[in-house]
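Shared between the two complexes below is chain A, which has chain B as its partner in the first and chain C in the second.
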Partner chain A sequence: MDNTQQNKRLDRSMKSILRQNLLFTILVIWAIGPLAWQLYTSFSTADALINPFNDVMNRWTLSNYKLILSSETPFWRYLWNSFVVGIASTLFCILLSIPAAYGISKLKARTSSIIKTVLFGVALFPYVLLFLALLEIARGLNIGNNLLALSIPYTALSMPLSLLLLSAAFKDLPFDLEDAAKLEGLNFFQRLRWVLLPLIGPSTASTAILVFLFSWNEFPISLTWISDPALLTLPVAISRIAGSSVYSVPYGAYAAATVLASIPLLIIVLIFQSQIISGLTKGAVKG
Partner chain B sequence: MTLELVNVGRIYGQEWIIRNMNLKVSNGEFLALLGPSGCGKSTSLRLIAGLENPDEGHILINNTNVTNISPVQRRIGMVFQSYALFPHLDVYENLALGLRIRGTQERTVRDKVGAMISLLQLDGYSSRKPSQLSGGQRQRVALARALLRDPLIYLLDEPMSNLDAQLKEDLRPEFRNIILNDNKPILYVTHDQHEAMSMADKIAVLNNGNIEQIGTPTELYTKPSSLFVAKFIGRPQMNFFKDGSDFIKGVRAEDLELRQQGIPCRLSYKEWLGSNQLLMLESSYGLIRLLAKPDISISENLFIGWETDKQHLFERISGKRISNIF
Partner chain C sequence: MIFLLLLPASLLIMTFFSYPIIRYGWLSMHASSVITGLEPVYNNGANWYRLISDQRFWIDLFQTTRFACLSVILELILAIFIALILDQRWRGRGLVRALTLLPWALPTTVMALGWRWIFNSPYGPIEQLIQILGYDQINILSDPNFAWIGTVLADVWKTTPFVTLILLAGIQTIPEDLYEAFRLEGGKPLSALMKITIPLLQPYILVCLLFRLAQAFGVFDLIQVLTGGGPSSSTESLAMYAYINAMRFLDFGYSATIMMASFIILIAAYIFSWITLSKIKDLTEA
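So, the complex of A and B:
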């Protein structure tokens, strides 16, 4: 009697574990599938993509990678360009956001909630609508074809989200901590350096990565601001891969380019994994 | 060295949190600010520390007006209710940070922090983060940090309120000794009258931002200056007898006697307290608390009375004490 009940319970818990694992597997496939497919495509010949079951011996190739790495401007050059813009945008954005976010977190509840609502609205604004106006500005100021200049609109467009996340992080800190630091004799910059910044580290890391990602992926502004082939950023460079036309799409070369383009991101995410997760959930729960 | 508050007031919006606060604490004096929550006691500490600015009045430390001096420069040693230890630093770094910022040489920092760690029996914990410490240990670290500040005055904001009852009782004398050893003015905020009575030289009872009475624990207990103080100090609470006149009589539970005749009462229930028993009685004056000897038997209906010299008399409208009437 007891035994059968125990067995039943065991059975039920086994079932729930199985169900959880199944769900987990589906999620993993959902997330990794496209990436795996891209990787597979990048090593396949054009013929193998159309007829996957023919010619099993000759379906694998490195020609896609050879193609994009041996083009007139080598592919690593674009990686470097995007990296420079990304780092500059992230640095500018974080340096400007930290003092502003601190200020917002210290405002009266009413004022700070108004500012946050405005910021939220700005963050949701479809920035594509701005790129023509931005192009005019770039032309007027003669700052086209300059990677550092490109990071200015990226910084500005990332500011609202960055301010929201960082001011939530500052707000989360118990205010006794800063008072204690004041009584210990720490002035504002010392408090920032020794107490506040170390404590909002995780939020800063996750914010920085979001800004970097935006800059890494951005297309329309980069397309219009940069025309010098040696200064193109990744998304624009990929779109210009030789052979793209209405009649033939070089799927293999595209895939190889996206695989190469995602490697730096994967490295960054792996390094800052734990900070990103704790920072993002903090913003999610209390932002 | 003294701390002096002159007519200090603080207003939030339309409401005075503190009004006309006058206080003087001298060297080596332990003054407790006692009051119910929301009476302005924490605000007064923040005013003294400089974390908030008073809307009127002055704060003097050693006869120097510090009202407009920033907290960074005030040399205040404060223990927060939450302890406010820096969570990303270990115990040693928590204690060393302030010293280094104030320009202490690294060798002196090591000596001072080391000495403080052994004084507060934190040996072996110096590389632990605050989250890896017990409540009592955190409180010691917070106290150590305040002591290392080498302050002119100590402000303690309910430093015991997060500890369990047994630990509180164990720590009280130690806490008092360590901090009094420094011979500076000490202001201790608490809502726990037992804590205030057992630790403080003097107690200031706060009510709605006003100091109702300042005095030694004995004075507060034997001569409460108002109904509020009489109600607030002493457990079980004082009994009040209102008979329609302009006066209210107050009698402590231990001063009431069981008699052959007097005010008729009915026993509602009793609590056994070990050294005596607490009787809750119903009468025409409402609920009455009486402390009786533990060994006498109690009947259902009884009479009570008291010696008139044990009675406290208060004016009904103002609540003020009327002295020397008998």
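So, the complex of A and C:
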């Protein structure tokens, strides 16, 4: 009697583990299936592309990668451009946000909550609608085709989220901490450098990653600000490839490009997973 | 002192958010196109009259709204289930979570190009599978009636991870005891979902709705690469129409009018739903 009951329970837990594994598997296939398909395509010869499921032995080639890495503007150039813009905007944004976020956290509760509501509203705004006015700014100041200049609008566009996250981080610090540091005779910059910054490190890291991802992926502004083929950022370069030949099928090269473009992000996501998650969830919850 | 700390950030935000809106308001009252030599000339609201009688604008508004509503609803439903799965304790959970996050982190244009190949007819995997199963080809991206569904599918794939994460954070704030008590009272798992999880997730769902609807309403990259707005403009969004007017027709005045109108419609939609939601809340609480 006892034994059968135990067996039953064991059976049930086996079943639930099996079901869980099945669900996880479906989830992973759904998430990375399309990417895996790109990987598969990128190593296929043009002939093999037409028969995606046949000819398992003779379909493999590296020619797609050779093609995009040896074209007039080699593909790694776009990765580098995106990297430069990403790093520059992340630095600008963090440097400008930290003092402002500190300021917001020191305001009266009423004022700071008004500011936060406004910032939340601005963060919601579909920024693609701003491209025309921003393009006029770029033309007026003659700063198109300049990667560092491109990072200025990126800094501004990621500022609302960055301010929300960082001011929440400052607010979470113990209230007496700064007073104690003041009594020790530290001036504002010393307090910031030695007391406050180390404590908001984790939030700063999450914010920085999110800003970097935004800049790395941004499309409409980069599309209108940059026309020099050697300075294109990755998303625009990809869209140019896509637009260049609608009716022919150079999909092997496309796939190689998407694989190369995905690798840096795969690495970033695997390394900084917890920072990304905490940044996103805090942004949503505190905003 | 505080004022000085806030100054640079506020200036930057004003320049890049407030100035464009003001500029669009002004530009929408002016003709500024090739005809005027790209110089703005006051035209007494002609852009707005043109907008009201412009069929393509209204069709695009409909298409954009359709895209935004369907993708956000699908994302929310899927995300709740995925979040519940990810909430369970499991050995490989961290890795699975990172992998499900990946679609969100990729540049939209990159994955849009990927989906274009997946939808490709006749060589994409979907068409090939359909052929193997013995059905006719569907060629979803070149059918004006169905191409928009392809764009929704790609968008759902890309942004569900974002919604999932936020809902997951919400689920993790719900105390386990609540479920325990519910089970002891004889409640079924499915009704626990309806009676505990979803009501307690409401604020999180609301944040996702607010954020995702606004983003989906401004959809641009995805459709630009996936279908280019076609076939026969059946997937074109408002942002794309504004873009085409500015960059292809060089009609900046009208492009600004479209963006100003989109902006006003979006705000009106938010105010409207806010009032409706609070009315519903009053009714249910009364």
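A few comments on the model shown:
Going forward, the second predicted complex is superposed on the first by the 248 of 287 C-alpha atoms of A that agree within 3 Å, B and C clash if a C-alpha of one lies under 4 Å from a C-alpha of the other, contacts with A are read in each partner's own complex, and residues count from 1 in each chain.
Rule of thumb we're sticking to: a residue touches a chain if its C-beta (ideal position, glycine included) is under 8 Å from a C-beta of that chain, and two chains touch if they have at least 3 such contacts.
Just so we're clear, the structure is a prediction, and the values are computed from it rather than from any experiment.
In the superposition on chain A, A:Phe83 makes contact with neither chain B nor chain C. Residue contacts after overlaying the shared chain place A:Ala100 against chain C, while chain B stays out of touching range. Applying the stated contact rule after C-alpha superposition, one finds that A:Trp225 touches neither chain B nor chain C. In the superposed model, A:Lys182 lies in contact with chain B only, and not with chain C. In the superposed three-chain model, the partner touching more residues of chain A is C, compared with the other of chain B and chain C.
The residues of chain A shared by its contacts with chain B and with chain C come to none at all.
Contacts from chain A toward chain C in the complex involve residues 20, 23-24, 27-28, 30-32, 34-35, 37-38, 41, 49-50, 52-53, 96-97, 99-100, 102-104, 106-107, 122, 124-137, 152-153, 155-157, 159-160, 163, 213, 216-217, 219-220, 224, 234-236, 238-239, 241-243, 246, 249, 251, 254-255, 257-258, 261-262, 265-266, 268-270, 273, 276-277, 280-281, 284-285, 287. Per the touch definition, chain A reaches chain B in the complex via residues 174, 176-177, 179-187, 190, 194-195, 198-199. Interface of chain C with chain A (complex): residues 2-3, 5-6, 8-10, 12-13, 15-17, 19-20, 23-24, 82, 85-86, 88, 90, 92, 94, 96-103, 105-118, 120, 123-125, 128, 132, 157, 161-162, 165-166, 168-169, 204, 207-208, 210-211, 214-215, 217-218, 220-221, 224-225, 228, 239, 242-243, 246-247, 252, 255-256, 259, 262-263, 266. Those residues of chain B that touch chain A in the complex are listed here as 46, 49-51, 70-74, 76-78, 80-82, 84-88, 97-98, 101-102, 145, 149.
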